[in-house]
Every structure is written in C-alpha cells, then in structure tokens.
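There are structures below to look over.
Each of the next two complexes has chain A plus one more chain, namely chain B in the first and chain C in the second.
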Partner chain A sequence: MSRLASLLVVLGVAGVAAFLVASALPLFASGEFFEILLGRWRPYASPGEFGIAPMIVGTILLAATATLLAAPAAIGLVAFAHGIAPRPLARLAMASVHFMTGIPTVLYGFVSVSLLVPFLRNAGAGGFSLLGAGLTLAALVLPTITLTLHSRIEATGLEVRLDCAALGMRPADTFLRVLLPRSGPGLLSATLLGFCRAAGDTVVALMVAGNAPQFPSSYLDSVRTLTAHIALVLSTDWSSPEFRSIAAAGLLLFVFNTALTAALRRLGPAEPPHVRELR
Partner chain B sequence: MCANSAERRPRCAARLLAAFAWLSGLGLPVLLGLAISFLIARGGSTLGPSLLFGDVPALAALTGRAPVFDGLWPALAGTLALVVGTCLIALPVGIASGIYLSEFARGRWARLVNLCVDVLAAVPSILMGLLGFGLILLLRRTLLPDAGTCLLLAIACMALLVLPYSIRTTEAALQGLPEPLRLIGPSLGLTPKQNLCRVLLPTSSRGVLGGAVLTIGRAAEDLAVILLTGVVASSGLPAGLTSRFEAIPFRIFYLASEHRTGAELELAFGAAVVLMGLTAFLFGLAHLLHGGLRRRIL
Partner chain C sequence: MSDAVWAGLAGVLLLVAAACTRPEPAVPAEGALAAFSGLEGRIDIGGGTAHIPVMQEAARRIMTAYPRIAITIEGGGSGVGVKKVSEGLVHIGNTGRPLKNSEQEAAGLQSFAFAVDGVALCVHPDNPVASLTTAQARAIWGGSMTNWREVGGPDLAIQLYNRDEASGTREVFWEKLLAKGPIADRANVLASNGAMKVAVAHDRGALGYISIGHIDPTLKPVSLDAVEPTQENAVSGAYPVVRHLFMNTRGKPGPLVQAFINYIYSAEGAQIIQSAGYIPAPAPGGGPR
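On to the complex of A and B.
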C-alpha cells in the first residue's frame, strides 16, 4: 500500500516535468525558445514580441537582493542563538524565526504594501520597486536561511564547544573561528536554499515589485519576476504566443530549481535528527 | 575600540559579529511584534459577526439562503472547502509515502523516491498553478471544449504542492523514535508490519498529526496555486467541485490592490487578522503535537 503511494509521488513528479516540457516543446521544435529567452515583452507591437529576458533579469536581481540582505541577518541570529545571548533571549529570537515560517506569504506582501511602500514613497525612494520587494522578500527567506544554518551548526558536537570554552575562547570567537567554518558548506547551502525560495515566490513579487516588464536601471525601478509574469499573463489558448511565453518561463524555473536541488544534495544531505543523537 | 595593528584585527571581527548578533537577535522580535501589532491595531476593530456576514443575519448566511456580499464568509467557506479537499487527497498519499520512506524503502527505488520528494518540494507553487491552467487549456482543445478552472482543479494542484510537507513530516516523526523502541517489537517476534501498526505508528501518532496540521496550514495560506486555477473575487459560497470559489488569501490580495473605499480596506485588514489568527492557531497546535521536530524550512 505504502509502496503504491510512493509510486504515486514519483508519477506525480514525472507528470509535472512531462507537462512542463510538453507545453514548451513546440518552442523547441520551431526554434523560438531562444528568441523568447532573449527577447523583450511587447505583446501589442505589430509583430508582437513575447520574450522573457527582462523577467529573467528581474528574478535574478530580486532574489539576489533578498538573499544578500537576509544572509547577514541570519548569521547574526544564529550566532546570537549559539552562545552570544543569554538563554531566554536566544530562545525568544529563535521562537520568532520559527513563528515567521508560519506566517502566510500574502501577509508579508500585505504588511509591506500598507507600511513599507508608503514609507519608501514618502522618503522619495520609489515605492513599488526592486528595493521594496527585496526588503520584503528578505523577511520571507530569513527563516529558511536561519533555520538551515542553525541545524547545520547544531550538528557540531558538544565536545568541540567544550574544547573552545576550555581554551578560554569567547562565544563570538568560537562561532566565528570554529563553529561557522566547521559547518562546512552549511552557509553556502543555506544561502542557496534562500535564493531558491526567493526566486520561486510569487505573491510578494506580484504585490510589491510593481510588475513593469522592463530592465531595471536602478533599485527604485519597478521589476517583474518570472513567477509574477506567469500569474499576470492572460492566455486563452494552448497554442497562443502568450501561453508559450509563460510555458517557457515555467520550464526555466523548474529546470533551475531542480538543478539547484540536485546541487544542494551534493553539498551534503541534512542528517535525520536520530542519527545525530546516536553518535 | 579596535586598534589597527595586525594581531588585534581578529578580536575586532569577533566584536563586530557580537554587536551585529545583538542587533539582529533583538531587532527581529521587536520588528515582528511591531508588524503583528500593526495588523491587530488596524484590523482588530473590525472583528465581529459583521466581518464574516456583512449585514445578512448569521443563520441565513451560514445555510447559504442569503448571499453575503460585504463579508468574509464566502471566502472562508471557499478556503475550508479547498483545505478539506486537499487533505482528502494529500494526507493519505503523503502519510503512506512517509511511512514507506521511513520503514520500508531500500536501495535505488528509495533514492529515486527521495529525489522526487526533494524536487517536488522545490517546485515553486506558481508552477502547480501553471500546470492546472495548462491542463485546462489542453482539455479545452481536445476532449472538453467547455472545461474551465474550478475548485476540483485547485484541490488537485494544491494536493500536489503540499504532498512533500506531509511526506517529510511523517518520515521525520517515525525517524525520531528511539532505537530501543524500534527493536523491542521484532525481538518479541513481531513481524515488521505488526511492529509498524502496533508500536511505531501509535507512538509517533502525535508527530504524524502535527505534520498533518502543518500541511493544512500550508494549504490554507498558499495563493499562487489558486490564482491560476479558479479563485475569483466574488462567487458566493462554493457551489460544487466544478464551480469557481473565493478564498481568504485571495481576498486580502485583491482588496490590497483594488480597494475602492475605506470600508473595503478595513475588510482587508479584518481578513488579514483572521488569516493570521487561523495560521497562528494551526502553528501552535502543530507545535504542541510535534514537540518541534521539523518545520517549514524548504
């Protein structure tokens, strides 16, 4: 019975992959795929252009901004929880991070639209912009990065910590010189996972980034991501150029995420908790 | 504070780290608290029967005899229908797969299933929506010329999205059992199946249940999937599996950008508080059941 269920899972993934490839297949057959990949989005021009290049740039810029803003805060939080702060404060900080994983994405977007965007607009710094969306997305991916790094650092044995304490190292030194380097590629995989989640998020980008299909020239410009593009473009027919454009965007996101997942598995699988306890 | 000489530079880095850690460790709870109290301050005053039912009597609204236009009840009912349907599909498959991965899977097939769960967990939710939407376009072209996006389609896509959460939480609950407990059944002559049904599943049931609650929370909050598979701004109560529906996250999203009056914006804040309360309740319940093994970190 349970074997049957696992078969369903494999079939499900195969179905998703097959469908995305099938919907983008006509593009490969006609050689349009790279035209769409490198073109701009001008659906109403007289030969209409249905390219997604601005969206690719927008996605990468936005996800990178969010990750680069969130990663230092995550390092700070994990250091805070591993020795720098007294226990009750450390627990409060980690409980906040855990609680953030439970907050619906649409609420991040909603709070940002009603607080951050007016604030940025009053400060003369755009509004619905790459900056606003980047800040909001950073809050969204902060728990992902923090908790992944936290579990990697926790895997370092107690003896190491005791050794450091016996040598008279302060908590900040222990974290910076021993725990962080010993977590191996922990920081890298946590950051990559955060990037993955930032690039895959739809709702924050849709609500805060402004959605103009353009190459942004500054942080105060509006951008459109691949995910928002898929959500925004209305298509009514399987073979319409609009649907082909979003199918190409979908395939690109799927390939990117799958490749990154495979890379993360290479970087070291997360150990199930019971293995750690047995050692 | 920090001298420029070379041998003192390491201490400088550690001090910077400590200062920064205090900043982020104290700043995060404060900012989070401010954001939540902002939501409650703006939306709390709207809470009450009229938030759900507008000016329609509650009983008539609940039984669907009177349509509700300016309340959250249709959206709440839509979200409930979506969550129940999703769980009916995702939980049996997810829990069974989790049991399989934890207890029976060996060798190449196990690696393949594991890889598939990881890939599925990494698929952005909008792609599940695209999948459903594309399926409808394809069906229109071939078998059913008048197929349209609907509740059933949203349920199927949402089930695919939350499946990995259900699998991983079940697996983690079983894997968290102590080794002696695992061995005592077989040592007394139980077959693996008996051991699973009589010992392992009953002892890990709280963890499995906690995972189910997290899965419910995920299905209630996701917006990207339903955006493309049949959610609309006003449809009334969901009429059936083949009709369109409303949902709380979509109501918030829609009102945040399209509100025409102050009252509509107030409704959005009310909906945000309701959704916040709902997910906080589910989160707390899962935490109680779970003891906090593995959360949504993917």
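On to the complex of A and C.
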C-alpha cells in the first residue's frame, strides 16, 4: 500500500516534469527560451516583446520581502513559546500559529485588498504594490517558518535543557544562548522553506501585487510574479506568443523549486549532529 | 447497519428520486419560454464575464419554468470561452470579441452576436475629471502623462488599471481607443470586470476601463471627446469604443441549446439584455425581436 502510494507520488511528479519539459521543448528548439527568460514583457509594442525577466525579478523580490519580514517574527514567536511565556500562553501562541496554517490564501488576499491596500494608499505608501503583497505573504509564510523552527528546537534533547537549568540559566537565556545558536541550520532551512512557500503562492500575488510587468524601482511599485503571470495569461489563445511564455515560466518555477528542495535536503537531518551524540 | 438506518436512507433516496422526476409545472409557461416545452437536459455556459448577468437571468427564468432543464454558468473570460467550447467542455462559450479565423476553423465554431456593449474609461467618483480627449487618453496610457493635474484634475498621480492579456474588454479598448498603441509597463493588471470595479472604486487616482454594462455609482464613467459613454451612443455610432457580445457553439447547436439561443434573441431576451445594461443586437437573418 505504501509502495503504491509512493509510486503514485513519484509518477505524478515525473509527469509534471515531463509535461513542463515537453511544452518548453519547442522554445529550446527555436532558441526562443533564453529570449523569453531575459526579455521584457511588452505585448502592446510593435513588434511585441514577450519576455518574463520582470516576473522573475518580481518573484524573487516579493518572496524575499515576505521571508525577511516573517523570519524575525517567527524567531520571536518561538522564543516566546520556548523561553519567555508561561506555559498556557505559549501553548495559545503556538495553537494560533497552527490555526493560521488552515486559513485559505484567498482570504488573506481578500482581507488585504479590502483593508491593507486602502490603508497603504491613504498613508501614501502605494496601493497594489511589492510592499502590500510582501506584508500579506509574510502572514502566509509565518506559520511555515515558525512551526519548522519550533520543531527543530523541540528536537533539542531534554539533557541540554536540564544542563542549562543546572547551570542556573533562565529559560530566556537558555533559548537565546543555547537553543537558538544550536538550531542555526534549522533556522536556515525554515527560512528557505518559507521562501519556497512565498515564491509558489499565486493568489496573494495576483490579488495584491498589482501585476504590472515592470522591474520595480521602489517598494511602492506594482509587480508581477511568475505564478500570477501564468494565471493571467493562461486563457489566451494557445498559439499566441503570450501563451508560449507560460511553458518557460512553469519550467523555471519547477527547476527553482527543485533546486531549493535539494538545498534543503543537503542542509541535513532534522536535528544537529551534536544533539544526537548526546543521546 | 440497523434496519432503521436503511429505512431512512431508502426514504431519502425516494425523496431525491421524486424531486428529480418532478412533473412539468401545472401552469404552462407563456411567451418565449413556451419553446422549451418538452425539452430537458443541461446547458453548460462559460467564458466572458460581461455576459454573465444576461446568462444568469435567462437561466433563472428558464429553470424556474422548467425544472428538468439545468443551466450552469461560469466566467473565466473570452479566452476561456473559446477554449472550453472548442474542447466540448461547455455547450456555449461566450466571448466579448469576434473569433479569430484560426479559432473558428480549428473546431468549427458558430458565433451568435446577441448584444452591443461599449467600453468606457472610468475613474473614482470623487475625481472631478469628466472628459478626456482621445489624444489625452493615449498619452496617459502610453505613460507620457502621469498626473491628473495635466488634464484639469487634482495634483495626484494617475494609477492605471489594465485588464489581463486574455480579456475581450481589453482587446476592444486597445484596438479601438488606443489604436493598438503602447500601454505603460507600470499599469496594474486585473483579471475581471468585477476586480476592475473594486480597484477603481477604492483608488482616487485610478484610471481604468470597464464594460458599460458594469458601470454603477461606485465609479464614474469618463466622456471621450465629449461623447458620453452610454449604450445609446454606442449603438448610434457616436461613441466609438464598441464591441459585440457573442455566444459560440461547436458546430450546429442541439435542440436545447438552440432553444436557449432563440430565447436570448426573443423579445423577452431583449428585455433581459437591456436590464443588464446592454443593447440587444438583431437576430441573425434580421428577424423581429
């Protein structure tokens, strides 16, 4: 049963990869692929340009913004749960983070469009923008980073905590000086995981980022991500140059995600080795 | 399972079956709806978002009179309409633009133009600018004019709201108003007429465009060369940014789908089209409505 299940998963992933490569193959054959990757998106110019370079930059900037906003908050939350807060409060905090994982992304988008975007606009800080979408996506990736980091720190042996307590360290010191430094690789992989999640999200980017196919010059500019681009262009005529850019964008996202996942695996086991030695 | 549960399940099944085989209504439907008498089955409709109010009202009336007819309606835009009807996923694929030759030939599609719709520039209701010239509109969309002050408005940056690449509204706007001219890279892009309405209604600096049928008090239409964007002006030819709304079928439609199309072309259909904010187009062959 479990073999069948894993076979199905492998077949599914292989199928997606094969489909993406097959649809991008004509682009490689005609040499168009790199033109699309490096070009700008100007369908209204004559002759039209159909490159996705602005979307690549938009995706990276947006995902990085969201991750950088969420990571410090996640560390704070885990510190709260592991050192500072009394037990019931810590449990409540982690329970709310767990709850956040279940909120559909379209709800974040909807709330953002109705509240955050008008707020930013009134504050003179853009409307549909990199900033607005970054803040929204930060809420989306916060649980991913928090829960990954939390489980890494949980995995640190009881012995370590007992040693610290025996040395007279307070829980807050234990967290700051022992637990957090030991979970360095864990923090890195939690952050990368958050980055993956942010780069892969479609709905928030589509609803809040503004979708202008430009290289942003400020945080208040409208940007388009690769995922939003695919969603916007998907229903054009199959033979159009607009539609052909989807194959390139899809393949790029897939390769990008695979590379990050491989990097995450290289970052190693769930617990740092010195913890295992202790056991 | 206990007998009681089985009995309960059987009861539910009977109720469902009874609901499915509900007899025709005792009072026969009048007027154009009478053509559906004796027909049953389902019609799946998809595509252009401008068509939805018309399709929904027609479907509501037909399904109320004939419970054995089921009609589903989904959006997605003109591009989705062509694709789904070509692949046989829907019976009627709606588009807000004429089909391209390649699209028509690939699947043997037939088009039925049923309404005339204009595309209007629109701004936030608080924006004092009530009229733009074609030259001003092209300069703004091309990115060389960026402040409302330059066209007699407040000192406020102009925020452009464009539609997605597959939108029929976008195609008409770009071809007829901008004459296929450039659109600034910084223009935001929205995926539906509804999203356009929400975005423009909340942004004082907004300049967008929308199907005239979708205009409501939450946004303000802008006159073009002093011609108001009303459906009357669109039909008379005074307002130039105009398109037809089409229903498309793959090959010759079956009896039920044909009845639906005839209904849209009937006098009652014309009234539905008008109350949705569009102008009815004459039936093919020029028959009376």
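The rule we apply is simple: the second predicted complex is superposed on the first by the 255 of 279 C-alpha atoms of A that agree within 3 Å, B and C clash if a C-alpha of one lies under 4 Å from a C-alpha of the other, contacts with A are read in each partner's own complex, and residues count from 1 in each chain.
To be clear about the criterion, contacts are C-beta pairs under 8 Å (C-beta built on N, C-alpha and C of every residue); 3 or more make two chains touch, one makes a residue touch a chain.
Since this is a predicted model, take the numbers as computed values, not measurements.
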| item | value |
| --- | --- |
| Overlay on chain A: chain C relative to chain B, clash or fit | clash |
| Which of chain B and chain C A:D221 touches, first, second, both or neither | second |
| Which of chain B and chain C A:G132 touches, first, second, both or neither | neither |
| Broader residue contact with chain A after superposition on the shared chain, chain B or chain C | B |
| Contacts of A:V113 with chain B and chain C, given as first, second, both or neither | both |
| First, second, both or neither for A:A231, with chain B first and chain C second | both |
| Chain B versus chain C as contact partner of A:G186, first or second or both or neither | neither |
| Touching partner for A:T105 - first (chain B), second (chain C), both, neither | first |
| Partner chain(s) touched by A:G194 [first = chain B, second = chain C, both, neither] | neither |
| Contacts of A:G58 with chain B and chain C, given as first, second, both or neither | neither |
| Superposition clash, chain C against chain B - the stretch among 8-16, 80-88 or 116-124 that is involved | 80-88 |
| Intersection of chain A interface sets (partners chain B, chain C) | 113, 206, 231, 235-239 |
| For the chain C and chain A complex, residues of the former touching the latter | 76-80, 82-83, 100, 102-103, 159, 164-166, 174, 178, 180-183, 185-191, 198-199, 202-203 |
| Chain A residues touching chain B - in the complex, by the definition given at the top | 1-6, 8-10, 12-14, 16, 19-20, 23, 72-73, 75-77, 79-81, 84-85, 89-90, 92-93, 96-107, 109-111, 113-115, 142-144, 147-148, 170-173, 175-177, 193, 196-197, 199-203, 206-207, 227, 230-231, 235-239, 243, 246-247, 250, 253-254, 257-258, 260-262, 265, 272-274, 278 |
| Footprint of chain A on chain B - complex, ascending | 10-11, 13-15, 17-18, 20-26, 28-29, 32, 35, 38-39, 42, 92-94, 96-97, 99-101, 103-105, 109, 112-113, 115-131, 134-135, 137-138, 140-141, 160, 163, 167, 172, 175-179, 217, 220-224, 227-228, 249, 252-253, 256-257, 268, 272, 275-276, 279-280, 282-283, 287, 292-298 |
| For the chain A and chain C complex, residues of the former touching the latter | 40-46, 54, 113, 117-118, 121, 127-128, 206, 210-214, 221-222, 224, 231-239, 242 |
